[in-house]
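Two complexes follow with chain A in common, the first pairing it with chain B and the second with chain C.
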Partner chain A sequence: MNLVVRLLAKPWIWAFVAAFGVWLATILFTGGASTLGLSQAALTFAAFSIIVGLGQMFVITLGPGNVDLSIPATMTLAGTVALKVMDTNNDLIVAGIAATLAIGIAIGIANYGLIKLLRIPPIIATLSSSFIVQSTAIWYNRGIRIKPPAYLAEFSTASTLGIPNVAIVALVISIVAWVLLEKGIYGRWVSAIGQNMRAARLAGVPVDGVRFATYVFCAVLAALCGFLLSCFSGGAALNMGAEYLLTSIAVVIIGGTAVAGGFANVPGIWGASLFLFLVVSMLNTYGASAGVRLLLTGLIIIAVIIAASRKQTV
Partner chain B sequence: MNQRPQDVPVIAVDGASKSFGAVRALDGVGFAVRPGECVGLVGHNGAGKSTLVGIINGGLKPDAGAISLDGLDATGHYSIGEARSHGVRCVFQELSLCPNLTVTENTRITHASLKGFGWRRRAEALIRAKLDEIFPGHGIDCRTAISTLTIAERQMVEIATAFSETDSKVKLVILDEPTSSLDASLAGQLLAYVRRFVSGGGAVVLISHILGEILSTADRVVVMKDGKVVGERAAKEFSIEGLVAAMGSVVRARDANRPARDVSGLAPVLEQRAHTRAEAIDFVAYPGEIIGLAGLGGHGQTRTLVSLFMGQGGDWIPRHDSKVAFVAGDRHVDGNLPLWSILKNMTITLLPDLTRAGLVDDRQEGAIGKSWRDRIEIRTENLGNPILSLSGGNQQKVLFARALATRAPVVLMDDPMRGVDIGTKQEVYHMLRVEADKGRTFVWYSTEMDEVCQCDRVYVFREGRIVAELRGQEVTEERVLAASFAEKAA
Partner chain C sequence: MKKALVLSTLAVLLASSTALADTSGKRIALSNNYAGNSWRQAMLESWAKVTGPAAEQGIVAAADAFTTAENQATEQAAQIQNLILQGYDAIVLNAASPTALNGAVKEACDAGIVVVSFDGIVTEPCAYRIAVDFAAMGKAEVDYLKEALPEGGKLLEIRGLAGVFVDDEISKGIHEGVAENPQFEIVGSVHGDWAQDVAQKAVAGILPSLPSDIVGVVTQGGDGYGAAQAFAAAGRPTPLIIMGNRQDELAWWKEQKDASGYKTMSVSIAPGVSTLAFWVAQQILDGQKVPQDLVVPFLRIDQDNLEASLESTPAGGVANVEYSLEDAKKVIAEAM
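Our next item is the complex of A and B:
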């Protein structure tokens, strides 16, 4: 009983309750036939939202106005460049990963450079850098679709012990993020900055260093996600990141992280990512048309946010 | 009822009790204010003053007890709106103006009847007249945004707003630490105005930690302790010692002015050259000194402290051997991290010392938190409670612990005793002296003369620069005031 009460007090519980409810509703509708397939698909597709969502979570936690809108462009550029560098050759996988990380770091540096040196609000800075990044991807790609190396194509679509490999990657990254946030000094600093930047600075928090690291971290995760997604889907596409702009923000908020900054949590990102995928597949299973699907998705998201926020204020 | 009108209390509460969770903040308090009197309300942090004020101004509903207005029972339906329409106004310790609006616009917020065409002109006339009346020569432009005003000026605006009248007559004004941000001359103007307001038939409840001002201004003094009224007498029957004794803390004899500290042969720990003007004095701090920054409120002391802090770097790379730690005075702007627990607020500056390989050592953090809670007596059972669950004075203690717990050789303090009770103050003064004797340097901006006079050396500020340096025996109220006002006297 005590455990239930404590669980209900967690900000992330509502995302999981919602995800589970939708999962159950879908399975019951299909008479249990789709249980394994649906669960695996959910874990696979949620994994990509989780990876970008974690980066966005840290950025949003930096406080009002902080958001990274360059995530889709970063995903596209990283996927495009990495596949071209590897050129379907298994021996060049390490080079491909290095290129991915380098792109993430470079975009992170550029984003914070714009924010700090030109004093542009983050929302504008990351949006404008995303145009440059996206254009670079278009110029670099020239419409050629290169397949991923065989190893990677195999790895990203396979499962280990029934769990999709991409979900395992997402889990490892999540554990790292959780440790950073809950146990590390970095998480404390991010949260302090998000609550009151001036007070954090006067308390000795290296505000610029932490914000810089956070924007770089977010861009690196976006690049990694782009890399994985392009391997998973058999090649990079110029619009492959588009849906992750809103998704990355939605999973942070549904997951119970404070929109105004200062408070974050990792488990909620999982609940919210699973939930977002499952809602769409539930409505598909019910045979809803595209318009109805979008409408209901919006309404359900709003309902979850209301449930979660009311619980928090008590 | 054949009482004379001046004997019927403007407001009276009887047997009022109020609990917040397990904390009994108010325990059967009886309190009444009559027209034409100023009641002083004193007590330690957490004695229940703010709770009583909350009940009087309608913001809090008592769990038990009766409230009457002008002798008529109002128990049960008393609210902020009813208090206001009855002419009860309140000036809070935590300033409550909207920083992005102008003085005039803030006046409009509290005076809803200033509407229709030309409200701006009428609001400005109203507030300017009241400012001129209370603080002659205040120099505040009513068309500027609150955020550009100093904290003293904001306090003046807030006070003037409370006293200004539109549709309803002001019968009772509650002043909660009104002089905490004001320098001596402004405080004097305010207290003189309070006397004029009271002799005109108004009523005032005055809450202040400066006991001299209570005794000189109030007609009657109510002493609170642990949620109860423990003493109530005419002000002239109290002395400062008597008041302090009634509150339950002991007045310690002040250190006699000590001789100037010998700093020859020591290397300065912190220096800041005066910027441009030839006559300004450089700031230098030596190990083990307590250095006061004095002068009228808002003359560049806070800015100097912040620039001393920022000048040490640490924007990008965390400093493990930071030279300076900062104790904020304006808690909401510079100090509190409002979403966090008491413990996390306390340890944030110390955190690099508690971190191994990027991970915070929770156990060591908890142990340090407990030891500081006991050392400076922060009133909480559980350090995991939110920082905002503490009273203002206890929040300030947490900010003190935040800086003192570090290894920083220099502690910068931005008027940190605002709203801290006298017992705590004495403890902190003692702790500062002990730490200074161990070689730590304190740079202490204070608006209270008592505190300035405890310093080894004092820099007096005027118009953003240091205009005088006083050492040892020279540190006296007269010398500090003389330096603060020199230009105006000339």
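Our next item is the complex of A and C:
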């Protein structure tokens, strides 16, 4: 009983409740026959939202005005360059991963450079850098789709013990993020900056260093996600990151992280990512038309956010 | 194949260059709203490939391509106004919106500029439209299924981007076809946004709750390969998936054909339709009588010309044809 009360007090529980609800509604439609297939599909596709969502969560936690809009472009560039570097060759996988990380780090540095040195607000800085990054991806190979090396294609689409490999990757990254946030000084610093940047600075928090690291972290995760997604779906496409801009922000909010910054949580990202995939599957399964589907998705998201934020204020 | 195309284009250009002296001083601009996918990239390449030589040979004075950054109607309207000020004689237009650019298009017409819209057409009456009969394209898919699967069965429909005219039209054609052929039944419908990864995700989400005897997947292009991957990932037998002329789709089809004799068809619009629009604009500037509304033919690939089409399609690109002046004259004559 005590456990239930404590669980209900968590801001992230509502994302899981919602995800479980739509999951149940979907499998009931088929009398339970779709349980395994649907669960595996949900874990697979949620994994990509989780990876970008974690990076976005740290950025948003830095406080009002902090958001990274360059995630889709970073994903596209990383996927495009990495696959071209590897050129379907299994021996070059390490080089491909190195290129991915280098791109993430470079874009993160560029983003924070614009924010800090040129004093451009993050929303404008990351938006404008995303144009440059996206154009670079277009220029780099003109939308030519190169297949991933066989090992990577196999790895990213396969499962281990029934759990999709990409979900395992997302789990490892989530554990790292959770340790950083809950157990390390870095997480305290991020939250402190988000609660009050001035107070954090006066308290001796290395504000610039932490913000810099956070933007780099977010860009690296976006690059990794682009790399995984292009391996998973058989090649990079120029528009492949597009849907992850809103998704990355939505999973942060639905997961119970404070929009105004200062409070973050990792489990909520999982609940929200699963929920966002499952709600579309559920409405497709019930044969809702596109208009109804978008309307219901919006209403359900609002309901979850209201439920989550109420618990927080009590 | 490519060489023959270039040669025949050149031959046409040479043969008709004397008759076209009238347009040698004319400048044509391409106003394009989006460049961020492989179809649009191929469209711009085709434009450069055909209009470059045309300008060099003096058929037109210039044929410059302009693309807006943000795929916004307001931005493209401003771009059209710039093109008017720069004194172009014709604007070939792939529009961000069928209606929102009408004001800017009207201004161009009033300034004596010929406006030819294609793919993303505009409704302003003074503009020329090279439209695609998308509903007929959807119906052609069902017609093919009727032949390939005479017993009929359950179908999955992958639609495009919700709320876009093209999506409604293709889907309308498909549903009309299915209504005429009651042996088919659409048991599920998802939106794939014409993108491989989105289609894969949407199909993977609905597949577990669909019956196991899906015989066919009707699509809108760009989504066939993603659908195939979703079926494979779910461990289901691959149904007949209609393809949309993307190289990855054709390559997958070829693999399946070689391995198991897999049969399907592929249909879409060739990105080279931009060159058709170019020649139509040139014909109008040349003083030819051209109807306001033209229809562009589909590019269809079948079992027997799959290899040839795949060979001429660049890796990651879209099956394409560039249109010649002769093709443009034929399309114009058909619409008369």
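Please note the rule applied: the second predicted complex is superposed on the first by the 314 of 314 C-alpha atoms of A that agree within 3 Å, B and C clash if a C-alpha of one lies under 4 Å from a C-alpha of the other, contacts with A are read in each partner's own complex, and residues count from 1 in each chain.
The rule is short, and it goes like this: a residue touches a chain if its C-beta (ideal position, glycine included) is under 8 Å from a C-beta of that chain, and two chains touch if they have at least 3 such contacts.
This is a predicted model, so every value here is computed, not measured.
Asks: Look at where chain B and chain C land on chain A after superposing the complexes, then choose clash or fit.
Replies: They fit side by side.
Asks: Between chain B (first) and chain C (second), which does A:199 come into contact with in this model arrangement: first, second, both, or neither?
Replies: first
Asks: For A:209, is the partner it touches chain B (first), chain C (second), both, or none of the two (neither)?
Replies: A:209 contacts chain B only, not chain C.
Asks: Could you figure out whether chain B or chain C reaches more residues of chain A?
Replies: Touching more residues of chain A than the other partner does is C.
Asks: Would you check which partner chain A:238 touches, where first means chain B only, second means chain C only, and both and neither mean what they say?
Replies: second
Asks: What is the contact status of A:290 with respect to chain B (first) and chain C (second): first, second, both, or neither?
Replies: A:290 sits against chain C, while chain B stays out of touch.
Asks: Taking the superposition on A as described, I'd like to know which of chain B and chain C A:281 touches: first, second, both or neither.
Replies: second
Asks: So, A:185: does it touch chain B (first), chain C (second), both, or neither?
Replies: first
Asks: If we overlay the two complexes on their shared chain A, which of chain B and chain C does A:45 touch? Say first, second, both or neither.
Replies: A:45: touches chain C, not chain B.
Asks: Considering only C-alpha atoms, give the closest distance between chain B and chain C in the superposition, rounded to the nearest Å.
Replies: 35
Asks: Can you pull the chain A residues that chain B and chain C both touch?
Replies: Touching chain B and chain C on chain A: no residues.
Asks: Flag every residue of chain A that touches chain B in the complex, lowest number first.
Replies: Spelled out, the residues of chain A in touch with chain B are 179-180, 183-186, 188-189, 191-192, 195-196, 198-209, 212, 258, 262-263.
Asks: Can you check the complex and tell me which residues of chain A touch chain C?
Replies: 26-27, 29-30, 33-38, 41-42, 44-45, 131, 134, 138, 141-146, 157, 229, 233-235, 237-240, 242-243, 277-278, 280-281, 284-285, 287, 290-291, 293-294
Asks: In the complex of these two chains, what residues of chain B are touching chain A?
Replies: Of all residues in chain B, those touching chain A are 306, 309-310, 314-319, 322, 325-326, 328, 333-340, 344, 348-349, 351-352, 355, 358-360, 362, 402, 406.
Asks: Using the touch definition up top, name the residues of chain C that touch chain A in the complex.
Replies: Within the complex, chain C touches chain A at residues 35-38, 41-42, 45, 69, 159, 162-163, 188-191, 193, 195-198, 200-202, 204-209, 225-226, 229, 233-234, 247-248, 314-317.
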